[in-house]
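In what follows, a single structure is set out as structure tokens and then discussed.
For clarity, chains are labelled A, B, C and D in written order, and residue numbers in each chain start from 1.
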Amino acid sequence: MHGKFRTPMIIVNFKAYSEATGQRAVALAKEAQKVWKETGVYVGVAPQFADISTVAKTVKIPVFAQHVDPIRAGSFTGHVLAESVKEAGAIGTLINHSERQLKLSDISEIIRITREKGLLSVVCANNPEISAAAAALKPDIIAIEPPELIGTGIPVSKAKPEVVTDTIRLVRKVNSKVTILCGAGISRGDDVAVALKLGTHGVLVASGIVKAKDPYRILREFAEAAIRRRGKP
Amino acid sequence: MHGKFRTPMIIVNFKAYSEATGQRAVALAKEAQKVWKETGVYVGVAPQFADISTVAKTVKIPVFAQHVDPIRAGSFTGHVLAESVKEAGAIGTLINHSERQLKLSDISEIIRITREKGLLSVVCANNPEISAAAAALKPDIIAIEPPELIGTGIPVSKAKPEVVTDTIRLVRKVNSKVTILCGAGISRGDDVAVALKLGTHGVLVASGIVKAKDPYRILREFAEAAIRRRGKP
Amino acid sequence: MHGKFRTPMIIVNFKAYSEATGQRAVALAKEAQKVWKETGVYVGVAPQFADISTVAKTVKIPVFAQHVDPIRAGSFTGHVLAESVKEAGAIGTLINHSERQLKLSDISEIIRITREKGLLSVVCANNPEISAAAAALKPDIIAIEPPELIGTGIPVSKAKPEVVTDTIRLVRKVNSKVTILCGAGISRGDDVAVALKLGTHGVLVASGIVKAKDPYRILREFAEAAIRRRGKP
Amino acid sequence: MHGKFRTPMIIVNFKAYSEATGQRAVALAKEAQKVWKETGVYVGVAPQFADISTVAKTVKIPVFAQHVDPIRAGSFTGHVLAESVKEAGAIGTLINHSERQLKLSDISEIIRITREKGLLSVVCANNPEISAAAAALKPDIIAIEPPELIGTGIPVSKAKPEVVTDTIRLVRKVNSKVTILCGAGISRGDDVAVALKLGTHGVLVASGIVKAKDPYRILREFAEAAIRRRGKP
């Protein structure tokens, strides 16, 4: 247990993929729920803003927003309010994904807001130093993702294990509690096993699941690898 | 008739107001629908992204997104995909609201995307020159809103009628077809009547409705003023 | 004559190229001045901010900033103030280059500021529609540069002549006075000749000159092509 | 001594103030140099980009840029290249000033670039947590400036001493070496003395000097207060 969630954990980022938009987002979330029911492994999904409520009404697994803005309720046309995604059913949010990078002070403010509103904060970081900087802001979860590997199918846990171990080492100097995930290129069960072996609490995945021919099969493979490595959660 | 929609029109921007988030967004949209049913005046609502699907499932009046990003489906975590808001039930989107201003080339790209996907484009502009520039990009609708009057209750149609008439004049030199709305400070029926008298096709409103004690009453007043001015639509 | 400057004109954008930084910026500006003295063709240079004063003290040809911010004097740490580049010796500025794109309202504000401060405004645009939008804001000069050709050595004037002619056609509907340049891929004298033949008043160039083995020789070739096409300016 | 510079130190940020643009920037830098010569206290100046070379040619005191971009030499029109400000005479740069805030990953990249190019990095931060995050990126100097006090004349060292001491405490957990400055509202010698007493190595000032009737007199007062507190440097 790490605070409000269990590890090992797998979060599936739906990005703005057409394979995970609208009704396909709901279908994919159902597959993820099936894996959770069958294996007990914590599987979260991060659909697009407009799909959060439909997905959250359909499945019981945790739903994350992909981003929220550093704002309080008010005159902020076109922005994403934390309360809004929470009321739609999200239990947390990604923050500072490499495709939606934020100002340092905005990351700090968003973490403060998520804490106030009872949302989990998952801050993404590009490298070990940035992970340590983000960890100093005391989010719930840090996800290290080297952007050069995102979407490549070359798993960070195997191609750059030192990025993962350096991250854990630098983050732990600053923050002893934060949960640490890794991502980028994770596409096979063994990539997940190696990620956990290196000391992370789970993985943040996207194309490896969303663009797979059979997302259920791959996600199930991920979950089983996680169980083998960590024991039944 | 102006293309796919009727005028006079009233679009209510829900912004990130707490009074118009989640279940309150749905309630407010129902009030707007009531006004439409009773008066026949085209009333659109622009809720937050996470509320689009719930609102669109509940009411039959047109729903707009408050923003979409200049992207095609793909690796764009935390961005707003046009297809996503469309599949959730939006029929159009605000673009370049003064609280969510965009690069010129992004406005151009978003208009192109909305056209391809069959969404109405409502480009907001701060002053007559910017309105003319936006009109050159051939959106469906231009909404002129002097930012210094937004949220003040001082109606643009009365406080700065020359901004409205200059906008119409400059926009018409560039684009003979685009529908023109005005907004900022619109809070009474007479403000709507004056806006139409100046030559616009309707209004874009926010706090004047959303933060009113009785939004239904004010919106009904707006609609009746529009009918008196223009005749039953 | 087009207002405060003469055509045909050639503006050389030094970007952040190492070949045109510091003393190399000064050396390159001297070569450009030599071409101007020998041919009479208006040749402007756009060095980096920190090089403007040194370049402007060394040569008599017109110096442009590559960007200014939409600000008035005040608390704007790290921003570029129009008065500052003017006092350093610039007579104008590029605005909205495809590598430094701006919000529509900021382009409008910068044009207003340059007008007040007596600086020439050169607004860059990606395509004909954006050029027309920019022209509605009444800058002194529009430069059309399809970003996909920038730095390629494939000249816009030959590869996409319709982009240039469409730009001229759409811009002229909106603005009968603005000077029109084109750029991207211009690397030989003939590319300049074709640009002028298509109806532009000159070219905006960068790598074709800055990264040439002998910038003087190529720039001289450009100027001679311009004279042959237009007659001695 | 802290690495390449001495403490106590005073850095004067010229912002985009008209009182410190062009020839007035040079005049103000001369006053700062006079204070350094008379007191021996390390006084740096941070003029606008276009003034760096003229200022650096005129005075011997250290000159800082107000910002550099996270770029290497190349096609980056309108951006600020570290080599460019260095060749113009800057020995370091402010980074992430509250008026020019940056993405976390860009701060990290700029610190890396300044290190490679031999420039001092002065990262500004809004609050203690953000200071600690910035310190994890190993810059040379951290400057804590609560934005709500900037330009007010209400000194951070007196109005919010706990912000300063919390910053020192949190930063030291993460980074034992970084030099720590504070700023915002510093306008009298005593404000500097208190800042040093709280444990900082100096101050970052702007309007308190630049907009003073007699900048020399105030800066001299600052330097003398620093000496009294720390002893002749």
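As a convention for this text, contacts are C-beta pairs under 8 Å (C-beta built on N, C-alpha and C of every residue); 3 or more make two chains touch, one makes a residue touch a chain.
Remember, predicted model here, so these are calculated numbers, not experimental data.
**Q** More than half overlap in residue numbers between the two sides of the chain A-chain D interface, or less? Answer same or different.
**A** Here the answer is same, because the shared fraction of interface numbers exceeds one half.
**Q** Distance from the CA centroid of chain A to that of chain D, rounded to the nearest Å?
**A** Measuring from centre to centre gives 38 Å for this pair.
**Q** Rounded to a whole Å, what is the gap between the Cα centroids of chain B and chain D?
**A** Distance between chain centres, rounded to whole Å: 45 Å.
**Q** In chain D, what residues contact two or more other chains?
**A** Within chain D, residues 98 contact more than one other chain.
**Q** Answer with line, ring, star, complete or other to describe the graph linking chains that touch.
**A** Topology of touching chains reads as a ring, each chain with two neighbours.
**Q** For each chain, which other chains does it touch, given as pairs?
**A** A-B, A-D, B-C, C-D
**Q** Would you mind writing out the residues of chain A in touch with chain B in their complex?
**A** Per the stated touch rule, the residues are 13, 15-18, 21-23, 46, 48-54, 65-67, 71, 73-81, 83-85, 87-88, 90, 94, 97-100, 150-151, 206-207.
**Q** Would you tell me which residues of chain D are touching chain A in their complex?
**A** Per the stated touch rule, the residues are 96, 98, 101-108, 125-127, 129-130, 132-138, 170, 173-174.
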